[in-house]
């Protein structure tokens, strides 16, 4: 199996990059949730390749067609199906299957015995994050009504680092505003440097990796489970569905491996009659269960594998050694458009845990 | 739900640290697999707290009682149940529930409305990794017959770093020998430094974090799935079931976020008539599917939260501010015993993906 | 959750009777299966309301649009999505929600708090069996290549009974021919009587129940599982997804409750070097696992609840007592069109058990 | 997979009839539920083979050992594990595997390639219903606190029929009293006739089938789902886990197939300000969702396949034709002890649907 996910809600994502359409079925949504499609459109647009020099110029119009599950603007509670037509298709790209380094061309070729549709990456394409962002946009509206806010920023591009979230005092307003930006960075100077860096690698026919830091506010203490169905498993399970993700860490993450217990432990205290921790090195999760503190995690994206530089590889036809220079329209840094995808994945994971 | 996992095999882990017993039901194992219990015992012993000064002195005898699913030394194919009695129980520890910093005491208390058994951490205790290691020991034998070897080493303790695996040329023999060690490190000098570091923090009533690097050899290309049920999701989903894990990364992981595409991409080539990559920055997984190269991932463990130093916290009774100094018997570095747990989690994940 | 099903393959059915479209996502199909769309069309047509006086005259054109998962006529192995537009929609039927006796109007109204789309029964409509027949038509082709044939007949309409299958000697050819008929009955005389009966109740503004008997040939011994994931659970779980089903029985079924062990037991014997049973009272399943004999089961359909006769009921508006006479276009005997639906449900269940 | 079940709660049943022990892990129970073990014992005893002449004399003591998930008499919310030792084991019965007609010996032998433990039926034994009754006994206590009562009676043995439930007016008290009886029948005269019938077939070394009718009171309207995860699928899925079940029907069931819509439809009306149906031919479920009326279903049990009469069969060794006369200790009518098993299966199914 590959493209179905969830316990309380079920996501089923379908489609290929250059096929007829892509889409998603979301089953298990609560009935009677009013959906704001301007807000949905905002997040689809944040994911969509723009006209700025930072991104690919493919015109994925991402016009959503609501097939089912919605009546008079409210969820019906029965499966919601949304379809996105593939309008701007370059039928002639990739027609010969030379295995692109860093892509799933080879692994998918073996997995599906040569029968998969590999035009534009097919079902493996980053375009498939569009229905995920749609599902996330629906879920985050449902969560917001329950007081839960999700946002993220680009905490690093290459070796240029933004400031991290204030994991204790971050406010709903700050996070919500950030979650509307197209290039969300906390420190404006760093944003400029990051954009310059991206243009620099682009002009060199290269690409660059990045890290997204995501925060979730408003989760009450006591959500999640010990052992297998813990919050980290839930979130990481869906985050790794995003193409290009190579790592995830919660709270202090890998840094905690270099710390002492006396540094990393968060002491409990009272604030306004509620139990909180003074610091939030644990990232809002202890024993797989929410502590009521902000949930903080970071996701590492590798550099876009599609680069103009000449690379050596092999062809599926004769297994002959070949050279490839990928011309198409590609983001030099996939992580920029990944911020709304990460937020959406988190929104879906939390809806599955919380909304019943 | 909390303690059930898997698609093709199902794991159900039960028990509390200071209750009657802990154990696991494994459903879906193939029939007719001969089980070598000396090998099972080896891995249980690797996880078990030893007599060395590095670890807690609690005598968890970990004698396994086979309840079902095994006949004349072979798996029957019906559910295998193994139970571990809790023999050496210190009934008086933790009888008052002062929320220990860095533990699940508080979050579990809220989750289970005060009804969970929190003696010794209860169902959240690290002791619950014993049945996971047992399940992994069974699974790795099944995998080994299919040519798959799993091993790991402690790649860092605090800021002391071991050499990483040679992700392209690592051999079965090397990995299998490593997987039998009690303190697996590639560079012997680093091992000494790590052990000194651990004794140092221990003598200071403190603890230290660490990172485990795990390798899986022999996975053919084409295993796994795009989008949700990919190998990374599968592995990370079960790895986060291990107490103390705060991050996971595959291949170059977070380092890839600081690299260019031209550096991080792995070129395809031929070797002995088989497609391979020259480098293995992708860690054996592309698009969620195995490439045939070694699968490499690293798991970050936080420092043991149980420390002797005085910490501030609150009590569940009156929410009064309290101080706590955790006396019991605790590992100053949980990651040491975590190596076989990480390997076991990987073995279970791969068995679920591969063995049918 | 409601509309997602399966372990090895996943079905996700979406849509409402009078909404934009209905459809299905099938995940987990093997790659490289050539699909014969004439055969698919045959089964869709068998389910479709025809022009004969026996059935409703609603023109559901059932033209399938393949959205994904198919390339050059072969399955790709990635999710297959098929969509059926709702062309002939009578927008003004049912616009007031008077709870029709025997329908899901009331229960669905409570379940979805009034937000579900109840035009034409919405997501509860018999029209939703169209994507199920489509999925089954795909699955039965896959099964047929593996030697498995599925067919059914109308074994009774009211108190008119067809001959039962010869549960020991039924042939592939006989079953396959039967599975192409629009009104499958073994005894032609009984067929005429059944059709007369249906026209009789129709002319009286009434409806009539029926039973479908289904056979599956070619399942080798040893498929299925003890306890929960047995063949009966698998098949019955999906059969009850068909609107109007009130009962299911395997082999001798309810009749076996009136028999002695010495009558009902099937003795084992050899035939051409293979173990078989002399009789097949067990219906091809013992202990939840296939015996290699034909699998036989019967499904009871209640009479169509939509009838022209005046019935008493209540309205959702003011809970006032009301009278209703359902005028629309309805089958007087839903079971006639149900034969291909039952076969399809069985095909999906077996594909989930067998095809990996 | 075979022995794991559920969405909101997960059941994992393990063990073999003549192995060390059998048991169950129940994951997902709410915390803080006080368990009355006298009531649990009552239902275990109802299932247990008694000393009356009607049943097998095997002394299955069924003493439950609580391994986890219970503290001070309350559920903790973490997995509850219960183990039943196999005390009175006849090690020498069945040591040669002659395939008993009507049993799973042959199908299980093929399924598990000869490795399963077939002493006493092994994992296929009716003894495995003991942990299911235990799980059901826990679940029905949880349901009862939420106003839900489950009970059943033996509605037929062979051709002797008890009166059916009054599906509209059945009272909680009547049902609860019935659910405590060892041979639950509504009409006392019929009970005597049934018992005589059973003794008659027993004295003739034969056995007899029966039907259990089960009622569930107190389910509010709106529980369940359309299409796949409907109440009938949920209940039938677990009912077919009971050895010997060959059919299930809800409400009028197979009888509805012989009725007209005008006879079978249940008109809606008001009673004390609540919507109800005047009759209950639908058995409390419409469109897969509860209507608020009593849920009524019937389960057909075949005659016990173990009979003393001589039967022809084959041996697994040489495939030679053999004769068998099953001497052991067997119920002449498994359905008698099946009443608490059916109720328990229903209790587990409803807990999975309702208790969160």
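Letters A, B, C and D mark the chains in the order given here, with residues in each chain numbered from 1 onward.
Operating definition for what follows: a contact is a pair of C-beta atoms (placed from the backbone, for glycine too) under 8 Å apart; a residue touches a chain by one contact, two chains touch by 3 or more.
Here the structure is a predicted model, which means the values were calculated and not measured.
Undergrad: Measuring centre to centre, with centres taken as mean CA positions, what chain is farthest from subunit D?
TA: The chain farthest from subunit D, judged by C-alpha centres, is A.
Undergrad: Applying the document's contact definition, name the chain pair with more C-beta pairs in contact, B-D or B-C.
TA: Between B-D and B-C, the larger count of C-beta pairs in contact belongs to B-D.
Undergrad: So what's the Cα centroid distance for subunit A and subunit B, whole Å?
TA: 27
Undergrad: So, what's the distance in Å between the C-alpha centres of subunit D and subunit B?
TA: About 40 Å separates the centre of subunit B from that of subunit D.
Undergrad: As a quick test, compute the distance in whole Å between the mean CA positions of subunit B and subunit C.
TA: Going by mean C-alpha positions, subunit B sits 46 Å from subunit C.
Undergrad: Spell out, as numbers or ranges, the residues of subunit A touching 2 or more other chains.
TA: 1-4, 7, 13, 78, 111, 123, 226
Undergrad: In the complex, go through subunit C and note every residue touching subunit B.
TA: Counting only subunit C, the residues touching subunit B are 7, 78, 226, 356.
Undergrad: Going by the contact rule set out above, which residues of subunit C touch subunit A in the complex?
TA: Within the complex, subunit C touches subunit A at residues 1-4, 8-10, 12-16, 19-23, 25, 27-28, 31-32, 65-69, 71, 74-81, 83, 111-117, 122-123.
Undergrad: Report the residues of subunit B in contact with subunit A in the complex, numbered from low to high.
TA: 1-5, 7, 11, 13, 99, 101-104, 106-108, 110-111, 123-124, 128, 156, 158-159, 201, 206-211, 221-230, 232-233, 236-238, 240-241, 243, 245-254, 256-270, 275, 277, 282-283, 285-291, 300-307, 309, 311-314, 319, 321, 335
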